[in-house]
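After this come two complexes, each holding chain A, first together with chain B and then together with chain C.
Up next is the complex of A and B:
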């Protein structure tokens, strides 16, 4: 643990130094009068705490979240707050959510929560709302407007099918490759709320949206997808600086659509294949994305991780903390107007483990 | 002794009937019809379906299933086996890696290579990767 701790602190320190140069340039470009302050926050996501029986939980997934919390507690200086990006539980059970919350309670700092489909489809978010947070809400921090969406809703006719036991509905949605699944949706109620929420925000104020699923259409068969993504994007389009950060995909992804930068976060539980690894169906993985390293199954934390995020003048730099892998950093490049990996963006700079097939 | 004689009698009768039938319907070894193809495909697909079910079930001891990490059996790369598995230091077949996953992330017992369950799992994994060129040894 001592060696890991030292190695981690060293890596985290190097990351902060590396960030100093591009960030100072952005600050000059933005102007000194802005009320927007620079700060960092941490992001942990997709823990998938899974109950076996009674007080027995899947060790592997527990260890992923425990490790992320321990590492995040070593961050110095402390981030302003943490996000949890959804899928705290595997099958939405109270026992799973409680056990996940117990591990999360050791994280030092305020945590804001995003709902994932694995947290929701057993009781349609009832326990989550009573114990953790509303499904959607917004808050302001140091001149940035943050919006948390519940993007994992779906169509009523699927939700209210004759399931018999609600666990059957939960299991159907929990299976990523379920051909009888249903596409994710933000829905009319939230779109109306979002429109109203954004009305009072000046167009120059940076907006950061947190959702569980991508608010863009990448691969429908695995719900790397939100059916009404276009409607959400349309509401975000008038703003000068918009970032959407999402979980669900368990992998590094990033994209730029107009004024909106998109970033995915890593899971603490397990990695998922890039859609191109399933050769039977076409996909729309953003071309900009330099993939994470292919997972080594013999090292159970490989291709998992968590991230801390620099928010400088309203633009994000994602710092991926990847156990036993070189940490990755993907930051907004003001020259090209899109997020780019600080080391691997050019094709010649990529390494063999980043080739997926 | 009597039983053996009886068995011999039955065998001879079956053999005679077989020769008669062969002559009567002109069945030739190595020839098959469209309906044979359909039947064989159906046989294969029934095993693929069994494999699909196993792949999406808790076949170890901790309720974890294969598809949790491998939706549609993606990232299993069946076309690259046998290959040098650097973590084991030798060339392995795909069934050994399936067993590795059953024993470790799924915390279960390994299956024999010809266990119908293993054959079903491999059938599903290969079927989801159909059309991809063979690439033994590829990393």
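Up next is the complex of A and C:
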């Protein structure tokens, strides 16, 4: 496909170019008939705050979240709100959640929270619910309907196995390539709630869904996967503009399934490699995903980051802030009908990843 | 002056000129250093070097007639000035520690924040900075060099030019050529590491080298390669120095950036410590670069105390302590929020720290030591 760069910039890109400083946002003018107002929000995710002992926490993960908060406070104009995309803690401990919240408290602005599996599987979300937020909820902002899902639930017979110590369950869910793991699930209760929640929303209203795991099936051994993703997608299908934003994968991914645009956000803690290049097992990584330059081990923040998101067209323009790397932007291209990277490369033109280790 | 001329003639005589290196012609250098890169449009000649040497030491190119390049880049002080931050005309203080000119020829960018790409373009800035040499423009310099008989003669010999043909381009080129002769290798470390002289360094310094390349992780930025060692990666890092000066919020950051926009980077960063603390960010406006400064070479570091871009550390012992605590003097000090990921506590013992200092003292080039 011959991508005409100018045309791409014109259709998708007016909101893409974040000026260098201050991080001002390019405002898109809306049609006078649009009820959606121009706004932006920030997104920080996957901090994985990890307690070593007592008041000692893993420094690297602390510094990642501290940096994101500090940088996000330098955004201007101020984003309307912030999202935290889940995995505030590493092993769901109160100490970890409290320490994470302490750092997050320095963020200027309202924060909505998404639960990650690392926050959940020690006490099944009890402390989270008492201290931070419900597991799933929705809110409206300037003409956009936002839905927060808890997509990291799983099957009851796994949850209530004879674990002995609940920490064993937490550790089992935290492990990649765990043959005794269990796939993520939104579950019947939430699906029923979601159906009801969406009933009252007009089909032209832009919908943005926040989940921790991708509401699409990418790679099961690492739980880049939600088992009932199809059921969630079916509920979202009638709407004209739908975006799903998820954490968990610690890398830039984007995809389009029917009317739904998918975007992943970066972790502040560490990057995951691309399952495609790492495992050589079958996977469904979206073809449009452009791998980023990978981390130089000296720069511990390289390949981590956070993002601010421009919703001015009712579709998302993701601006990835990547310390020690090149910032990236991914936005919906109205001409091709899918999200694309500003520095989009045709699949055939890419340098193939190294797949031997 | 004579010494450098002899040095250059020596280099020319031994036929070490003219290895082609990118767009540059290069001059070979002592053990431990790569050939000196020379821009194609400014070839080295003894006449030009002699002229540059004179320009470098001429105090008439300052508003008070008292300050020259050599005031802050003094041969007797390792081509630095021994002060925490430099003093220009009327004892006015800047915000930054004078970096040594020795081996500046190898750096890919000049100044602590890399705001100038070459020795030539760098050399024109201090004349006009109000806290350095304080001229309004470069005219007074040109007026002198076009009229002064000695300069007329030197420019004629170096460039074949006189009168209005002499511009700042020739002045900058002559200073740049002179600075390219200030090359310092041949240290005890070089003789030990590249020359194979096993007893060139003391046992403590040899242990210090081991700390430097292993547990101390110094070598990650202060690079040593197979055949040469510049002790710099030519990159910019936020290591925590003067972190308390950095803008605390958006308002302060906006004010500092406004300062840069209005006065220009060179004047803004040297006249206001808050603006200075932006570091590389003042040049790139990339958030990664807030508070990041260029990795300086460590060659001849024993001659150039105090240390860091703001001269805040008096001794090498203090510098090592600062790194050992992961970008702070004491373990109880708060961690700078935007600290570069490379800066982490090192858990070095007292002895390892002392050895590291001994190693740093083995990086001194004998020709720059005052006898």
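The rule we apply is simple: the second predicted complex is superposed on the first by the 311 of 357 C-alpha atoms of A that agree within 3 Å, B and C clash if a C-alpha of one lies under 4 Å from a C-alpha of the other, contacts with A are read in each partner's own complex, and residues count from 1 in each chain.
Everything below uses one rule, namely that contacts are C-beta pairs under 8 Å (C-beta built on N, C-alpha and C of every residue); 3 or more make two chains touch, one makes a residue touch a chain.
Just so it is clear, the structure is predicted and the values come from calculations on it, not from any experiment.
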Considering only the touch criterion stated at the top, classify A:300 as touching first (chain B), second (chain C), both, or neither.
-> both
Touch check for A:175: first (chain B), second (chain C), both, or neither?
-> first
Greater chain A contact set [chain C / chain B] = B
Thinking of the overlay built on chain A, is A:50 touched by chain B (first), by chain C (second), by both, or by neither?
-> first
Mind working out whether A:252 is in touch with chain B, chain C, both or neither, as first, second, both or neither?
-> neither
Taking the superposition as given, does A:272 touch the first partner, chain B, the second, chain C, both, or neither?
-> first
For A:242, select first, second, both or neither according to whether it touches chain B, chain C, the two together, or no partner.
-> neither
Could you say whether A:222 touches chain B, chain C, both of them, or neither, answering first, second, both or neither?
-> first
Tell me which partner A:65 touches in the superposition: chain B (first), chain C (second), both or neither.
-> neither
Share the list of chain A residues that count as touching for chain B in one structure and for chain C in the other.
-> 59-60, 298, 300
Tell me, which parts of chain B touch chain A in their complex?
-> 56, 62-64, 67-72, 74-75, 77, 87, 100-101, 104-105, 128-132, 139
Can you list the chain A residues touching chain C in their complex?
-> 20-23, 59-60, 63, 66-67, 70-71, 73-76, 298-302, 321, 323-324
In the complex of these two chains, what residues of chain A are touching chain B?
-> 48, 50-52, 58-60, 175-177, 221-222, 270-273, 277-280, 294-298, 300, 352, 356-357
Note which residues of chain C are touching chain A in the complex, please.
-> 220, 249-250, 253-254, 257, 284-288, 335, 337-342, 344
